[in-house]
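So that you can tell them apart, the chains are marked A, B, C, D and E in the order they are listed, and the count of residues begins at 1 in each.
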Amino acid sequence: QDIKEFRIGVLGGENAQERMTNNECLAKHTQETLGVPVRIFTPADYDGVIQGLLGGTLDAAILGASGYAKAYLTDPESVEPVLVKTNLDGASDYFSVGFARKDSGIASMDDLKGKVLGFGDPNSTSGYLIPAVEMPKKGYSMEPGAFFKEIKFTGGHEQTIVAVNNGDIDAGVTWADGLGNWEDGYNSGALRKAVDAGIVDMNDMVEIWRSEPIPEGPLVVRKALPADVKAKFTDMMANLIKTDKDCTYGVAGGETAGFTPVKHDNYQSIIEARKLEEQRGS
Amino acid sequence: MATIDTNIAAGRLISRKRFWSFGVPAMVVVYLAYVAVAFDLGGLAGRARLDNGALLMQDFWSYKIHVTRDNRRDEITSSIEGMRNATFSPEQRPDFVSDTATGTRVELPQGNSVEFGADGLVTLTTPDGSYQVRATRTGVESDIPNPPKNFNISDSRVTAYLPEGARLTVTRARTEVFRRQAGWELFFFDLSSEFYGKSWGELGALAVGPRIQPDQSNIGNMAHDFWTNGIWHHGDVAWAIFETILMAFLGTFAAGLISVPLAFLAASNFTPLAVVRQAVRRIFDLLRGVDALIWTVIMSRAFGPGPLTGSLAILLTDTGTFGKLFSEALENVDEKPIEGLRSTGAGSIARIRWAVIPQVAPVILSQLLYYFESNTRGATVIGAITGGGIGLLLMQAMQTQQDWEHVAYYILLIVLMVMVMDWVSGRLRARLIKG
Amino acid sequence: MTTVPADRIAAAYHAQLSRRRAYSTVLWAVFVALLVAGFDMANSRNAGGFVAGLPKVLDYPAALIGEAWDKIGNLPGHMLRALPALVETLNIAAASTLLGTMGGAVMALLATSGLAPFPRLVPVFRRILDIARAYPEMVIALVLIFVLGGGPVPAVIAIAFHTVGALGKLFSEVAENASMKPVEGLESVGASWLQRMWFGIVPQVAPNWASYAMLRFEINIRASAILGFVGAGGIGYELRNAISWGQGRYDAAAAIFLLLFGTIVFFDQLTSMARNRLVRGQEQGQAGGRI
Amino acid sequence: MRIEAEQITRIFGTATAVDAASFVIDRPMVVGIIGSSGAGKSTLLRMVNRLTDASAGRLMIDGRDVLALKGSDKRAWQADCAMIFQQFNLVPRLDVVSNVLHGLLNKRGLLPTLFNMWSRADIDRACQILDRLGIAEQATKRAEALSGGQQQRVAIARALMQDPKIILADEPIASLDPMNAQIVMDTLRRIHDEDGRTVIANLHTLDTARRYCDRVIGMRKGRIVFDGMPDQLTTGVARDIYGAGADFSEATTSTAIEPPAAADRAYADRLLAD
Amino acid sequence: MRIEAEQITRIFGTATAVDAASFVIDRPMVVGIIGSSGAGKSTLLRMVNRLTDASAGRLMIDGRDVLALKGSDKRAWQADCAMIFQQFNLVPRLDVVSNVLHGLLNKRGLLPTLFNMWSRADIDRACQILDRLGIAEQATKRAEALSGGQQQRVAIARALMQDPKIILADEPIASLDPMNAQIVMDTLRRIHDEDGRTVIANLHTLDTARRYCDRVIGMRKGRIVFDGMPDQLTTGVARDIYGAGADFSEATTSTAIEPPAAADRAYADRLLAD
């Protein structure tokens, strides 16, 4: 069967305008490849894109690992991962970083006893899922009142950073590539953006926790798409770094080595983690 | 005697009134005090970040030019707000950046300046003295014994906050100078446009002058560059505004069309059957009680992101609201004209058309127009959630916290949009209801 | 008998009728065309089309209700846990309605020509009300969250600000229709402006003002729940977290939703009852006066 | 046309509003019904027009029982039997001509009337009737913009538009000042005199009944207690009808304009004229 | 107290509502001002009470020009100079006692009045005044629940509560039926007779002026065209004041109750008593 148009969802992290602009070239390339009109959608939060994929109103998107797990757990037949963004060093992972204000006297996780920890979006991998699974393993229970006084969701990485900086919460978690230096907010990640925007001064911040490496989220396509559409699109994306380096920069959100194939199995551990978290939550 | 009774009764009346005139304000004050405690108003005063407020205010009307040296590659670039797509080409370099014998000099307001020297050396000159900082492979060396309060120094990073929002940051990777300028730079033309940096006079001259591009008039060219501005995205913003109004329009008026007939089913004087009436009323309650925002979430699974989803959400809530309002209006209609028509032998449809509709039409119309205006405001919020319209732009710009001048711009547009809608709906109301 | 013959009047009326018919036909045609074109445009700019989406409308509620039904035992627990957040939401709504009503009342008197103590400033106060009304609460809340930090206070300020604008306009419309006679009567005894307003205007407008304030309270409950969605605390925050996690926490989402929905419907019914009584009480009073 | 009421009765809950009312009107005339408040005057008239259903009894019009009619037959009877109300019962926001045209709603098809498609002939007739009642000038005004007396004349115009066999009027002048009351009653009388239609009017003042009616029916507590010529209506009879004691004086209920002074007459004529 | 009006003038736009009105009232009396509609009666009274500002002229009260007062001085003068209106101008939703107590608003502090802190003595006085005017029974009712005549008496009570030097009354009986009109005029007269206060009343009927006033001022087109004893007010003079022709008949404006019949008298007494 044929498709009439192809719809790509783009996750947050940048403002909607930037997202549109950065992905305009992607729409152009996809249109050339598939021969149908292509449209980009930029919903406000993670859930918007995931609902679009689940409901069949979006055909492809780059999800976070946790977002993919959610889509998979809600409906295993909804999407399949095809490619993943690869860093310049060949790795495909990043970290969840816990941080606090230096002048708050907090220097390590242990100092957080009885304090308030802030997460970002509930569907964020680094901003919620991974720390929520890994921290309890080290003895920092997620039950409110057990170790932390309270757990708060700020709504997103940016809000977490502002909230920590303002003292609304005692510590927060966000994502960073772990490359480069702390004082710059690392080479890329939410901290770096905040530093560049002049919102925080890294001299005022300390890192108190770092997760195991987290796999980059996959580029997924809807399973119900015709096989040749999936193949053509995947192929185009895999070669994007060769055909249009600038475009890759915009699509991947920075300097990368492009997209390489990935399998569902890569995310098995994240899916397990999410399942675990689900059980804890209810 | 009557007076004595009267005196007692009047005295009681006045003391009762006195009790209430003290009691009600006292209750309000007590409640507000409770809320102040519950909301930790005292603690808030300590937590309030007025400097954030100042930053935001400053950013509303000004922009920053970043002059950055990549300490590894020893490469100096200038850009607006550090944006990749707003990086000045060498010939566009701002005139407060100049080359000196030993390096590059950045002039800052109030007699401050920064000079990028060789081997990562940075010299900050202020009216109070001169400071030297050096970025090395392992950290930042500074020799500032009693650093003034506006310095934030560690061995990996040095920040100096300077007057008028200027700032110097040195880390081992980069050295960066911010200089704040008033205005919204690039608002009309971005750096890629031929018209960037031209004064009004020059633009005026160009508008009537010879064509720059043979296939397009200069004015058309300008309009095109303005519309497709890569930083301010005027075209997209206009679309977003339109989309927001579209959502409100579709949602409100479609809800009106649907709820008018339903309202008859919920009005006791038109639907004697209590079962039907109660069922319809409960449906209205459900539609209204679930907020448009929740409807958006529910609808977005089926319809995905976009304006249609938003208008459907508005439609659902408003059907509930209108159903209730219209059925109340129907219950309040004057029965006399209806009876008058009944006495002439007019059928029920004719009675509704000629005795009921003329009575409720003004109410319906004015409510529709009123809600059209108020839904424009609501659609801003809904758009922020479901992905559409000016609300999304605003929400994202605020969350990423980089482009406060864009935030200011969007807020301005939203307020203007709502005020225009308010005015339009007021005018239409006055016109249509009078006539 | 008449100065204008009946057939001339009939002809004029016939012409007027045709004109009116044509006018309303055009108006309807334009309206329907706008609606259709608008729908078409919204449909084409949406990710999923209307027709394709319609059969799937119930998917999401079905998933949510299904899970909530399976874990129905958890619901009371979830509700209990969300109760403090609900109280916070209600407090936000109540505090902002109170503050907004007080501000709105003052602004209304300042912005009503005929009552205002500074008649020249009436247009200024009117514009201020317009602007206060035009700001979506969310905009103010987001800015305030940035400055004051998250929590209920930004929400209270944001909603109160908007409430001042909305109620100020309605209050001033009511006050405009109030009889000036009592005010003049009070002026003739040498009462000051505050006394004239307090004894001459407030008793006249109180039922209508109270009725509008209650309607606003109802609206503000929703508004404060929505602001929770964007980070201002309260039950909206809990709901958003549960909803956006999705499957696995739909029981919590359903519980919170039911709680919120119940509250909204409860206050809706309560205030509409109270408002009916207020307005009816007033009519009875007038009827009493006529007898 | 022969109107024959046979034992018409209406019971509201436990109260009998009209109790076995019987009368015969065998030729066109102006009939006044008088009685104190709650006597059942309105209920009787409303039953005749079928606005209220009767509990028992028959109303034979030319040999057909109109109380038994249903659906469109009933509506057709209503169209033949126009009603005028104390509060005029016009549609206030619509213009006068539209209100008059409403008298045709039963006679014209549903669709044309829904879309305001009145024929030129109908409009001409409406305007002629308005002219006849002296309010043609007001034709394009909204009904609510008219004075009470003018509104009542619009209501009469609507009734005439129905081209009815009978005109029922339920206290047509109770909401009007004496001057307008006189104009309206004169109009009703004229309609009888010129067109030969039967007019049945509820009245709350004896002198109006005496002055304008060919026959007066008196009701008390739902029953007909008097039926005769106006001049048979003595103070004694009136006392019976109103159940009043010896201190009954007509003056307290009278609204008549004293023996028309020349000036008043002139004023009334002027009013009627425009 | 001596009231001396010197060339008081008020101009609205291009129209001169009151044109250089001068008069002297050198001892307490009841003064009636008559004149046709638009003659400037209301404007004159409103200028005296300072509800309307004068364009020119002086009003000397015991040697002080009250037209020049400002702010709290002006309000203090208003407190000394009570006004009664055609439409009563009470606060309809408030009870009668509160309305009467409003007469003290200028004399008591702002905060106590806002919080209803009336002293026992004030309340007692209000009740006494109500009793004196025969409406003490109504004290706790809402003003709007009272009949017109009762409301006007509440307004007079408020005026008396002010303990004013002058009472101004702007067509105090124009909204009242003849019976209530008589009660109100009797009351105003009694206040003069018993308390010795000056009363200035705009009246629209000659016979009322004749019957109740010690002196009558006639106005026409803003100017004072007559100032004299009631018995100097012949039909000829009246024609001048009203600018009427030879067909002028007092009857058309008269609302007087014909020589009080015994029954009416009794009725009035009953009304006055409760």
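Criterion: contacts are C-beta pairs under 8 Å (C-beta built on N, C-alpha and C of every residue); 3 or more make two chains touch, one makes a residue touch a chain.
These are the chains along with the protein names UniProt gives them: B, C = Phosphonate transport system permease protein; D, E = Phosphonate transport system ATP-binding protein.
Being a predicted model, the structure only gives us computed values, none of them experimental.
Chemist: Under the document's definition of touching, what chains do subunit D and subunit E have as common neighbours?
Modeler: Correct list: B, C.
Chemist: Treat each pair of touching chains as one step and give the shortest count from subunit A to subunit C.
Modeler: 1
Chemist: Could you tell me which chain lies farthest from subunit D when each chain's centre is the average position of its Cα atoms?
Modeler: Comparing chain centres, A lies farthest from subunit D.
Chemist: Mind having a look at which chain is the central one, using mean CA positions?
Modeler: Taking the mean of C-alpha atoms per chain, the most central one is C.
Chemist: Indicate the whole-number Å distance between the mean C-alpha point of subunit C and the mean C-alpha point of subunit D.
Modeler: The mean C-alpha positions of subunit C and subunit D differ by 47 Å.
Chemist: Using mean CA coordinates as chain centres, what's the gap between subunit B and subunit C in Å?
Modeler: 19
Chemist: Taking each chain's centre as the mean position of its Cα atoms, how many Å separate subunit A from subunit B?
Modeler: Here subunit A and subunit B have centroids separated by 26 Å.
Chemist: Which positions in subunit D are in touch with at least two other chains?
Modeler: none
Chemist: Touching at least two other chains at once: which residues of subunit B meet that condition?
Modeler: If we look for residues of subunit B contacting two or more partner chains, we find 47, 49, 52, 297, 301-306, 384-385, 395, 401.
Chemist: Going by the touch rule set out above, which residues of subunit A reach two or more other chains?
Modeler: In subunit A, the residues touching two or more other chains are 7, 9, 41, 45, 47, 51-52, 55, 57-58, 155, 159, 162, 166-168.
Chemist: So which chains actually touch one another? I want all the pairs, not just one.
Modeler: Pairs satisfying the touch definition: A-B, A-C, B-C, B-D, B-E, C-D, C-E.
Chemist: Once bound in the complex, which stretches of subunit C touch subunit D?
Modeler: 1-7, 9-10, 12-14, 16-17, 20-21
Chemist: Tell me, which parts of subunit D touch subunit C in their complex?
Modeler: That would be residues 97, 115-118, 120, 123-124, 126-128, 130-131, 134, 136-137, 139-140, 273-274 of subunit D.
Chemist: Subunit B touches which residues of subunit D in the complex?
Modeler: 49, 51, 72, 74-80, 82-83, 85, 87-94, 98, 102-103, 105-106, 110, 113-114, 155, 158, 162
Chemist: Across the complex, what residues on subunit A touch subunit C?
Modeler: 7, 9, 39, 41, 45-47, 50-52, 55-58, 70, 73-74, 121-123, 152-155, 159, 162-163, 166-168, 274, 277-279, 281-282
Chemist: So in the complex, the part of subunit B that touches subunit A is made up of which residues?
Modeler: By the definition above, subunit B touches subunit A via 47, 49, 52, 55, 64, 82, 85, 152-154, 156-157, 159, 167, 171-174, 178, 230, 233, 236, 297, 300-306, 384-387, 392-393, 395-397, 399-403, 406.
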